[in-house]
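Several structures are given next for inspection.
First subunit A sits with subunit B, and in the next complex the same chain sits with subunit C.
Moving on to the complex of A and B:
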């Protein structure tokens, strides 16, 4: 892909970072006829959305592992299915319980209702209404995701117009809708769910989606919103549908990269940017680690705000207040990943043998207290002794991921704090792997003997390999004071930066992470001076 | 005008009763015999004083905090900012340099709330609010938007390094709240308690409002407990006392907590089932005990040596346990020492509150705060506060004051304008806007809404 003379070419736009947001941004710019180059540090594109044959014959979505939040308009506009994107839906979530029972949530409405009624008739009744309310809230939020957040203090006519639009959007809501949204924004997922349900495992499993990627517990206010964030999953117009990309999450990136290239974008891998080139206060290109200069009319960085501003741009080019805002932007990665190559399928005590439940997710979240205790450990800098886990077996839906008869298991683990007391070492990494296997073996006793290989990825590893600051999977915590007009810094939420010609297009900007691609798309529209 | 019954002996009920009387109604205040003394803590809204032509004496402790340091010393924070700066400088010159700026920024934000608290709950979708916020200017607006949802720990960590200073301030973010300083929304609580104080003072003032209100007369006060609020065809008809006596009234204003008023005293069948369910979900979560030590010398002290200390104290409350190392705040009260003990949950995971468990609280406080000696102690655990003060689950503010139960959401959006769906039944307690820790403002707003409604109806009749 690399052209030796690329350096003398003058591009319209240089995109730093070939993660999914960088690629989405590049694809939209190229689609508008711009000459675009993507500069990726690693030897392949994809960032955290990447598949790799970690062990011979076993392929993994090494970091991010499910698709759901990817915006449908991106799939449509970039025609991703034509570029190889194929999504296999997940069918269920199983929560095994310590007493040998389980709670299963099925995509099939009647089956789900029967199962819930087994635990609580009241919860089974409440479930549909709950789904309806969250569905409505997700619809209220959806147009906001497409918006470049206006600066509320600005007097610029365009931003005032956007403010007015935003105001009209919210004023168009019925008061009860607005209030329901306010509750979601300010409540803890535990309190919010307690208003609906009584089954402990149901509350815990639902609240778990509120804590993903965040160093907060289910009782921390603000986590109810993240619950909604995860409810916005929308595949083929069906809310709440989660799935795998065939071939792993690397195929998401590959499809977007394919689309970008089809529109004429150039993608250079092994091209690590060491510095944004600034001349006369304006970004005019990027300097690669070898010293090569790549010049373009504008530069868009999909790296996280800390890397973009404090390391690639440098404080001397930025106003002091802005630097302060970026410095206090919270990352605090809290999630780890364990990837297992299995010789046989796990057999859960509560539902022995193979079955449809293995085609869905398994959630280790027996109670709200269990999750909260896991958070307590992390709050003071320790790995959870008994962690929350979200487990999928992609080879059940996509047999190509593992050799015949064998399987790959992906375990998302929380909490493993980036700021670990004493720091991360190889021994601590293995101890995390042991804690995960020990906990899981309590529910699936054959698991330990089934493990052929294991890969443990700590937040420190995520930072080192993918480049995400502090290993935060959202490029910055999704807490209220870091969202919308405040992401990543007040007055700079519209993808612009204090350096002329430099733009941000990563998930450190509105609306944030989760393989959504919205940041990349919104940024591209802002760069092109168009409305989404 | 029809006579009115006001329920409850709190400062809001008292304020509402006098305002209704001033508007020409015959008012009977039914004080349950609990709450001998209405709390006089917190800012008094100026319009309330204007309306009643009252003048109150406001007292402010000086120093407003004597924060205990782990080495045995104290950090004293004073009404006089320069003196506080001096005291802070001994621990951290950097923090001392930042203190005046921090205080100005917080005072500007508290000013926004002061304005909002002097009015009935704002409509968040009202353009007026948007313009008011914009008038704060860029800095103020950014502060407000960032601060409102923030954990108080994050706010204080942004500014300061001194643990004792952060602990003494952080405590105001969590007082009477089942959350720790690292929980979102606690920075708002710091502002809530800052209202009515000069810049640099982060403890609510006290006033003699309750005594002044009692002195003006003009209302009948009866010591009687209400068993039931009677409702006929959707209209309030009066109350039944626990003695069995029936008292008729077309207007009943309850300063008791909203859940009790609407679900226990009135028949919930009068509410829309959805609303009844929501009322049942109003969170109370009492988390504090009050201990009175009959010390010879009244004592002032704050034991909140760091934010982590407060957070760990909260951790135990999450699992319904008493903090082994609680946040304590001692202040002089009627010649003795009153200690606020947090966290002491209403429901304990290890069984009921009993005499031995109450004594444990006093012993722990004695051990952690020097100078209490062997003074006789009386402990009011959350269930005692519920029985004595009418605080549901021991919650002083009747409904937990968190962002989802504040402003136009307090205690629920449907009840935030002080009216209930039962004609003639109103809410005026700290469970309504602006809530506990503010003296009499909820009672004032409620009485005003009643007067507006009456005027409205009169207008219609004369037409």
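Moving on to the complex of A and C:
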């Protein structure tokens, strides 16, 4: 064996980080004929979109756990199904209530209306109209997802042209559409939903998508937009359709990696980048832990903005104002994950036994007050005593995730603030797991005895394992002041950075987080000098 | 009165959608649930159970059984090994396809033939002078199709399953029930068809459902099957072709070559019905070809965007004739199509004049957007659209 020397191979592009956005970016660059290498710190690709057999026979989407936001154009253009991606639809959402009743939202229109009417005839009627408005809003926003956000402060002709286009796009809206959009951009999700519905559980369950991943409550202004962001998920031309990747979210990453490799990209795992190599003010490569240098014409980092700029680049290479912006960029991870291996299915008091409701999501969000109280705890640095939970049982959709007859349960938990009073410890982690099980057992009494194994993941664990700063699942909060032309910093939203040859391609850029891939794709098109 | 299959007691209890359809005079479920979506996905991700009892089934037995079948079908029945299943078309004297189905060699002198249409008279007409008996066992033999990646694991729960290669059969005793198992199906996936005496039908159904539950078994109907068979590039009689004995005019008939079944025509064997015509057709080259077509997303999206709508995709597979153009000329027509939820592609099966049938050829397909006929770009692609390794592995 010879010592690895400074790599003689020169790449067109080096992509730092093999999460889904890094892989998407690499795949598009390779598709355009570029010689690309992906450098991934861990021994496997996927970042936070990965599957692992955590307990023998039980496979988990350890971190991110559903697919919906993944851009359909990426699935098409990279032909991900050919590389093994199979998205199974999630069918329903069940909200169990403390009084033993429930609210269910079903895919079937008639079934859904009948169920809503049980709670409120008005809500049952409003539901379709609400869906129509959000559909239209999603159509308005959708083209924005595919663009590099123009900087309104810039006088660069290209940015002005993009601004003009954007202006035209929005000027095409009817007044009532523009008003609806403005409301969505400015209101809290709870207030926005209160304009439509009266059923508490419905308002709460819907407003929950406005708070996911964010240290904000349903009554915090701006959360209505996040609601729309989640509405943008699209499957087979239908908005607000959620799915589960067969084999877990690791299969999403594996499919993208497969596509990237088929286009000729090289993927190196266990290749942690310690530093972006900068010579003469220009990024020319990456230095790996252990000293190996990998050189390329450009470098694209899919790591979050904090890691990219403050750790891999270093402040001395960056303008002070920019450093300030990145320092101020809010992460504040707010969510945790509990993965359970189950010997039997949970039986919910409100809907006992196995049934179609276990093939959809179960949402612990009985009322807006419940969610806001959960937020109150977190505001002051504590884990919610009664957290919001979004639960799926992947083995109900893909039996291969667990041994025959057994199950895996994925519980997204909020709030579990990164900045916990006294900090995260093993004991605090287990206390979080206990709080989750205690709360859930109130609705499904057999749960505790069904648990064979449990894995609790705190924001601190997310940061440690996957490298996401403060465990924020979106690489930075999806709050309005850090979206669009402000993501991650004013004047640097178009995937470029103050360092020549260095690009960003992670969720810390427009349009942001979720297993969406849009950042990676948009960045690749910018790097290639093309329009999406 | 429509007939019900031997599984009806179970299938009717499950059919909450009340969506039934006719098949060969029987009623079968279109979908059991309110939507066929999950039934479809179970074919590709777990296992789906179909009641395929309405198939016509014939037992062909006797010293000359192989000779009779060899005379009728286009493949070589004489060379078929015991335990082999042949998928094959059969033709009239002019070499036009009458029907397609399977021929399974159960032992040296016994075959089971499945068909979409009644074929007893046709078989008898070709059996003159042969020592063979032909029995219509359609009602006495019930059939289930278990399709999907988990199908083998489920069967193994029920008893010893012989290791079967693709298109091979074996005899098994599943929970005490004698069953003929064939590694066949209409989905292009790993799958098995189970042939059982109809009095044992319910017991077999119950055993499969119980053993299959931990593997995600899902009773599935014809809507789900239709999507899967299109993905698998498999044609359907009366939809993708008109059987020659029902055609009203000559141009409605198709030769096996025109249906992409040239591989199933064995001109090296002895005489069989239609041989002369098929030899000539092979030498001449078919005028038409049956191909896969992929409808371009961008073109589709643009057409809908022009009227201010999001792209609409068909919710179920369609079965109708849709014109396909090359410039101003009509290059052919699609006969089945739909959105593949697995492949995330809009696909169709089409008949194209041979000059336009090469994979990669760019064409236009007619599509109606907001009541107006438009054209969207479509590309000829290789069939099957979906061909997983596990199908043959």
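Everything below uses one rule, namely that the second predicted complex is superposed on the first by the 526 of 532 C-alpha atoms of A that agree within 3 Å, B and C clash if a C-alpha of one lies under 4 Å from a C-alpha of the other, contacts with A are read in each partner's own complex, and residues count from 1 in each chain.
Just so we're on the same page, contacts are C-beta pairs under 8 Å (C-beta built on N, C-alpha and C of every residue); 3 or more make two chains touch, one makes a residue touch a chain.
As the structure is a computational prediction, the values presented were derived from the model and not from experiment.
Visitor: Are subunit B and subunit C a fit on subunit A, or do they clash, once the structures share the same frame?
Guide: Aligned on subunit A, subunit C fits beside subunit B.
Visitor: Tell me which partner A:274 touches in the superposition: subunit B (first), subunit C (second), both or neither.
Guide: neither
Visitor: Output check: A:120 vs subunit B and subunit C. Expected answer is one of first, second, both, neither. What do you get?
Guide: neither
Visitor: Where does A:367 make contact in the superposed view: on subunit B (first), on subunit C (second), on both, or on neither?
Guide: Neither partner.
Visitor: Examine A:153 and indicate which partner it touches, taking first as subunit B and second as subunit C; both and neither are also allowed.
Guide: The answer is first: A:153 touches subunit B but not subunit C.
Visitor: Does the superposition put A:347 against subunit B (first), subunit C (second), both, or neither?
Guide: So A:347 meets neither subunit B nor subunit C here.
Visitor: Could you tell me if A:480 is touching subunit B, subunit C, both of them or neither one (first, second, both, neither)?
Guide: First partner only.
Visitor: Centred on subunit A, what angle do subunit B and subunit C make, from Cα centres, as a multiple of 10°?
Guide: 130
Visitor: Check whether subunit B or subunit C contacts more residues of subunit A in the superposed model.
Guide: Touching more of subunit A: B.
Visitor: Tell me the contact category for A:72 with respect to subunit B and subunit C: first, second, both or neither.
Guide: second
Visitor: Could you tell me if A:81 is touching subunit B, subunit C, both of them or neither one (first, second, both, neither)?
Guide: Touch partner of A:81: subunit C, not subunit B.
Visitor: Give, as a whole number of angstrom, the minimum Cα separation of subunit B and subunit C in the superposed three-chain arrangement.
Guide: Least C-alpha distance after superposition: 21 Å.
Visitor: Which residues form the common part of the subunit A surface touched by subunit B and by subunit C?
Guide: In subunit A, nothing is touched by subunit B and also by subunit C.
Visitor: Okay, in this complex, where on subunit A does subunit C touch?
Guide: 72, 75-76, 80-82, 86-89, 91, 107-108, 111, 135, 139, 236-237, 239, 246, 359, 396-400, 404-405
Visitor: Sort out for me which residues of subunit B touch subunit A in the complex.
Guide: 124-125, 127, 130, 133-134, 137-138, 141-142, 145-150, 154, 158, 179, 182-185, 278, 281, 283, 308, 311, 315, 318-319, 402-404, 408-409, 413
Visitor: Given the complex with subunit A, which residues does subunit C contribute to the contact?
Guide: 34-35, 37-38, 41, 44-46, 149-150, 153, 213-216, 297, 310-313, 339, 341-345
Visitor: Where on subunit A is subunit B touching in the complex?
Guide: 152-153, 167, 170-171, 173, 175-176, 178-179, 182-183, 185-188, 191, 194-195, 216, 219-222, 328, 330, 369, 372, 376, 379-380, 479-481, 485-486, 490-491
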